[in-house]
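Each of the next two complexes has chain A plus one other chain: chain B in the first, chain C in the second.
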Partner chain A sequence: MGIELCSWGDMDYFLQQLVNGLTLGSIYGLIAIGYTMVFGIIGMVNFAHGDVFMLSTFISVIVLLILTQILGISSIALALFLVLIAAMVLTALWNWAIERVAYRPLRGSFRLAPLISAIGMSIFLMNFVQVVQGPRNKSVPPLMTDLLVIPIGTSNITISLKQIFIMATTALLLAAFWYVVQKTSLGRAQRACEQDRKMAALLGIDVDRTVSITFVLGAALAAVAGVMYVVQYGVVNFSDGFVPGVKAFTAAVLGGIGSLPGAVLGGLLIGLIEVMWSAYFSIDYKDVAAFSILAIVLIFMPSGLLGKPDVEKV
Partner chain B sequence: MRDARNKPLASGRPATIAAFKDAALVGLATLGLGFPILAYRTEQNISNQLIIEPRWALAFSFAGLAFALRLAWLMTSAGRSSIPTWSMPVLSKRAGDTISRAGLGILLAYPFLALWITGPGGAIKWIDNFGIQILIYVMLGWGLNIVVGLAGLLDLGYVAFYAVGAYTTALLSTHFGLSFWLCLPLAGMFAALWGVLLGFPVLRLRGDYLAIVTLAFGEIIRLVLINWVDVTGGYAGISSIPRPTFFGIPFNATETGFAATFGLEFTPLHRLFFLFYLILALALLTNWVTIRLRRLPIGRAWEALREDEIAAKALGIDTVITKLTAFAIGAMFGGFAGAFIAARQAFISPEMFVFMESAVILAIVVLGGMGSQIGVAIAAIVMVGGTELLRELDWLKAIFGKDFDPTQYRMLLFGLAMVAIMIWKPRGLISNREPTIALGAKKSISSSLVREGHG
Partner chain C sequence: MEQRGGTILAVEHLTMRFGGLLAVQDLSFSVERGQITALIGPNGAGKTTVFNCITGFYRPTQGRIALTNGTPLSRPLLDRLTGSSLRHLREGTNEVFLLERMAGHEITAKAHVARTFQNIRLFSGMTCLENLLVAQHNALTRASGYSVLGLIGAPSWRAAEARSIERASAWLERIGLIGRADDPAGDLPYGDQRRLEIARAMLTDPVLLCLDEPAAGLNPRESAALSALLRTIRDADGVSILLIEHDMSVVMEISDHIVVLEYGLKISDGSPESVRDDPKVIAAYLGVDDAEVAGAEAELDATVAGRST
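Right after this comes the complex of A and B.
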């Protein structure tokens, strides 16, 4: 718990942590969108989403190795681009299949059933990856190690190229995603189902297909987060889905569940809080901080920062 | 895909072709799912570099299996538009009582039966890994059933109370030398206290939100146990917790031990027998208290709360007291179970109280059919016993080769079973309810008519 007084005034250190926090926050925000969209459309906490993210990290590692070791692609930029595409497609396929098998038959069933099914799916995914890929940590050599030194006043802050890559790609893909949800007929159907599923069905929207697309989009964004995670940390493990999953869910709740900008905002906030907490207080209790925020927000501010208040109907 | 299933596949070739097409799609999708994750295995080589080894045969065999299963399914269920629903026969009260009595008789005789059938060597495994292990989950399931099944409060952090009980026992007995029999009630009391403490802030929450907050509380308690090294020993946990004694007589080979006192030959089985009957007694206590409480006003208030919180409030039920008692009593039994596990293992660590345990306990309650005591017991036997049974399947090595380790698949199958049971019977295995109080004859109703509780 050593609080170094000098580091409080150290702008350089603060800006460095700010960059780190935003990088981590981008990853949380991308996962959080998957939670918030699924909750918005079928009112279910998709417990397996964190494990879908974990699966996507494994898919990206394996695809990266295939590209570099078997196909011999030497350009990192090209390899990462292909990894991103492959991870998005394959993770989306997984989430589509999960929704078909484990959640769709339970549509309209009592409320706990999908939750239990999702917990079962989460246990399955985690152990499936453990069985087929082994329990040990898998690490890839560091990618994009170039550093960028930006002089600010008298001091310098160092931003690695990968952090810029992560934030830029996140921003780009979020913009694309925003366009899909706001401007295309697909997005309109999605938002309509979110508001009133029965009415949307009556107006000729294929609700099942729309829900599938929601899962596909959520998984694709989780896969982006997965690739970013591999680029940033370089180590994947079968058990690394739960904690990022809960933190991303915290982000979704903090931003107001059901709200897409809220999920991104919440993700950035959670990333910043976690990094700042570790930097200035104690690294041991950083997860306690995240869980405490989750509990406090849900108890005192259940509609989150940007969410609509929940009206209780009798 | 959906079209193929919904169309009446009554006759002839088009149906067969449609089925083939559908199955081929399923096989292709499975191949897609398995593409990187099954088809390549990541390995560390000698220079600690990550390399990949192809194993396409595995991916293709899974795809082929999916194709065959889907085809078989479509062919056999052709012409049927939906899956036939099967429901457990509704048992009459007398039949239910007979089954309960028979089950109790088998349980009481179980250690002796195990000893008689498998001999002293095998009995250790059967009593410890199966008997005691399953009964712990039965007890935890019954304890959580009070919170989830009766009061309708969805609790995903139940393992926290189990941990509180275990750590209370461990700390009191190692630091102050209190015996197990003193620690047991204290563990229950502390857990109940924590139940109230954690229950207080979440009084306003309902449904999924309540589940997530209780999950957060459970994780916070575990993280504190990990990080508060001075008291809890961190990851190392607490070891050499004194074993429970038979009213002061220890189970060891000394002069004053259990065996010498009763003039028996010393064997470790004595302690196992004792532990088995201890956890059986604790579990039955949980069951008995639950059944009794259901008939008291507080039990009926719980069920009213589960059915409709607003209506219950309107009828003058104090929802604060009702919720807090449910949390406290449920937590108390979790604490008892924690005290038992600390004394049984003589060692505890935060690793034993991960979220997965909460999920497994909740799964047992929901799979058993919420609120049904016998259903919870059956679910615990099926889920815990079934996965423990995988440890016994050594003969599978003969089929799949020497490297095949069935225990690896325990939790994988557990997860799949959870999904499968939910799809097959969303209301759990025992999905009918008997009213606690009735005018005239009692009639069982389907639990589809019972609210799941938004409280």
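Right after this comes the complex of A and C.
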């Protein structure tokens, strides 16, 4: 599917790119939720979140190789399911520990302190993985390479099985996550802390624990994105956290930081813009396109697409 | 008075200093169980500072704030607790808490003190019902086995959730807001928000309810509804109330006991009648009248004249 094959009016080419864009956007959206939730509850941009995502890709690769090479599990579906669970749990534990060590002691300090600590944590995670896993790319054999050809009118669009897997899993986990935040006591406590931490504490809610849970949930979703990334690209590197991290942060800001549906919407939009720009214009300038649209949206809608205007709390 | 008697909250020699400012000076008073106690005084008298000390927002510079849960305050137990480094002590049915040693969320969860603020602090983006459910978070968290059971929708958690929705609905019924259960709390009229806030505080199962100017900004009809609500909380729910209020019609109507502060010092303490007739209180609120000022000036002149001769 090279650029030279494209012709402007082709519907099937457009649909093909739509599928590709939504796949990439799902991954960004999952990471963006972690940024937006942490910002919502403690007003901090967690710069290490992209590296937490990178960590989860390594966890996925290691667990996948253990399952398939050492334990000899031949069913890819079962292996991926186990990888997903293991990556979510282990990454969540990491992020829980990071919050305890690097951010909680600085709460109540000046505003920039946790931010600087997050940058430090980002550098630490990158170097830690580089030292432990080596600086070279790690790869896994291609997974779920089956293609599904859907006839549309006179032509076909091709969807690989892994794209369906990525979109379906994302949709399912987002629905589960939405249920947790909207319908459970845990989610209510989380939303209450987001609005007014002091008042929530006065109603007997343990704010520290709620913040920990927020980090755990954010990391679990980043780990889902990590598994998807491994399935999609099959290659991981210690420096792979930075660019997706920045893109996902952009997605969170585009959607309106603090808003969960906004994070998903922003992720999908950034993914689509990137893919569509590469498909129709130039692959070299895809990032320029994504960030320009961010800048334009923020000029006209400073609080993002779905964000609420900032109301001063008194 | 057999069941009502006994001190529930004893504030002793409370001093709060902010740099060079003495906001509260050596203040002692007590709140009796089953009574409505009002803390009044001109602006800047230190009333809210006292509240902030009781509810763990400020750590007092000096003094002791003791709360008992259930039985009358036991002095020997309190003395033993003060001598130790513990935050609370239980002996049989007697349990005493030292609030100045506790953090905000512990004061609500363990000592069962609830409070509201001068400005409304509902979770305005959440619905009325959700606001009341958040207040029951602790009970629900326990029922949900710290949320693992809750996440998978276990029956024990569902039952607890149903119970808390029932309690919340009963309160919404009581404050006349059942029809607006699913509306965002921020959309309610001001008076309704005040009552919803009190209902939310009550759902944390307090033994002592601290209200900071609950009648501020209410019209006379809303004030009357508030007074009625506070009386039923005292009489039907058996919860003791400590309130700060400027609206004297509300204070005089519902209070059993009034403490008056001025410049951080207690100037009067007693029944509404005795406080109303106390010359120091009248002077603090109305200023000293002209005749007295004239008298003081004359006295001063005489002294100065006496000195110069």
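Quick notes
By our rule, the second predicted complex is superposed on the first by the 296 of 314 C-alpha atoms of A that agree within 3 Å, B and C clash if a C-alpha of one lies under 4 Å from a C-alpha of the other, contacts with A are read in each partner's own complex, and residues count from 1 in each chain.
The rule is simple: a contact is a pair of C-beta atoms (placed from the backbone, for glycine too) under 8 Å apart; a residue touches a chain by one contact, two chains touch by 3 or more.
Remember, it's a predicted structure, so these values are computed and weren't measured experimentally.
Of the two partner chains, chain B is the only one that A:I62 touches; chain C does not reach it. With both complexes placed on chain A, chain A has more residues touched by B than by the other of chain B and chain C. By the touch criterion defined above, A:A200 lies against chain C but remains apart from chain B after alignment on the C-alpha atoms of chain A.
By the touch criterion stated above, A:Q133 is placed in contact with chain B alone, chain C being left untouched. When the shared chain is aligned, chain B comes close enough to touch A:S109, but chain C does not. Annotation: chain A residues 314 touch chain B in one complex and chain C in the other.
Considering their complex, residues 2, 29, 32-33, 35-38, 40-44, 49-52, 154, 201-202, 204-205, 207-209, 211-213, 215-217, 219-220, 223-224, 227, 310, 355-356, 359, 362-363, 366-367, 370, 408-409, 411-412, 414-419, 422-423, 426-427, 448, 452, 454 of chain B touch chain A. Across the interface of their complex, chain A is touched by residues 55, 57, 103-105, 108-109, 114-115, 117, 119, 121, 123-126, 130, 133-135, 137-138, 140-141, 144, 147, 150-151, 161, 200, 204 of chain C. Contacts from chain A toward chain C in the complex involve residues 180, 184-186, 188-189, 191-192, 195-196, 198-207, 213, 308, 314.
By the touch criterion stated above, chain A contacts chain B in their complex at residues 43-45, 55, 58-59, 61-63, 65-66, 69-70, 86, 90, 93-94, 97, 101-102, 105-106, 109-117, 119-134, 136, 138-141, 208, 242, 246, 249, 253, 284-285, 287-288, 291-292, 294-295, 298-299, 302, 314.
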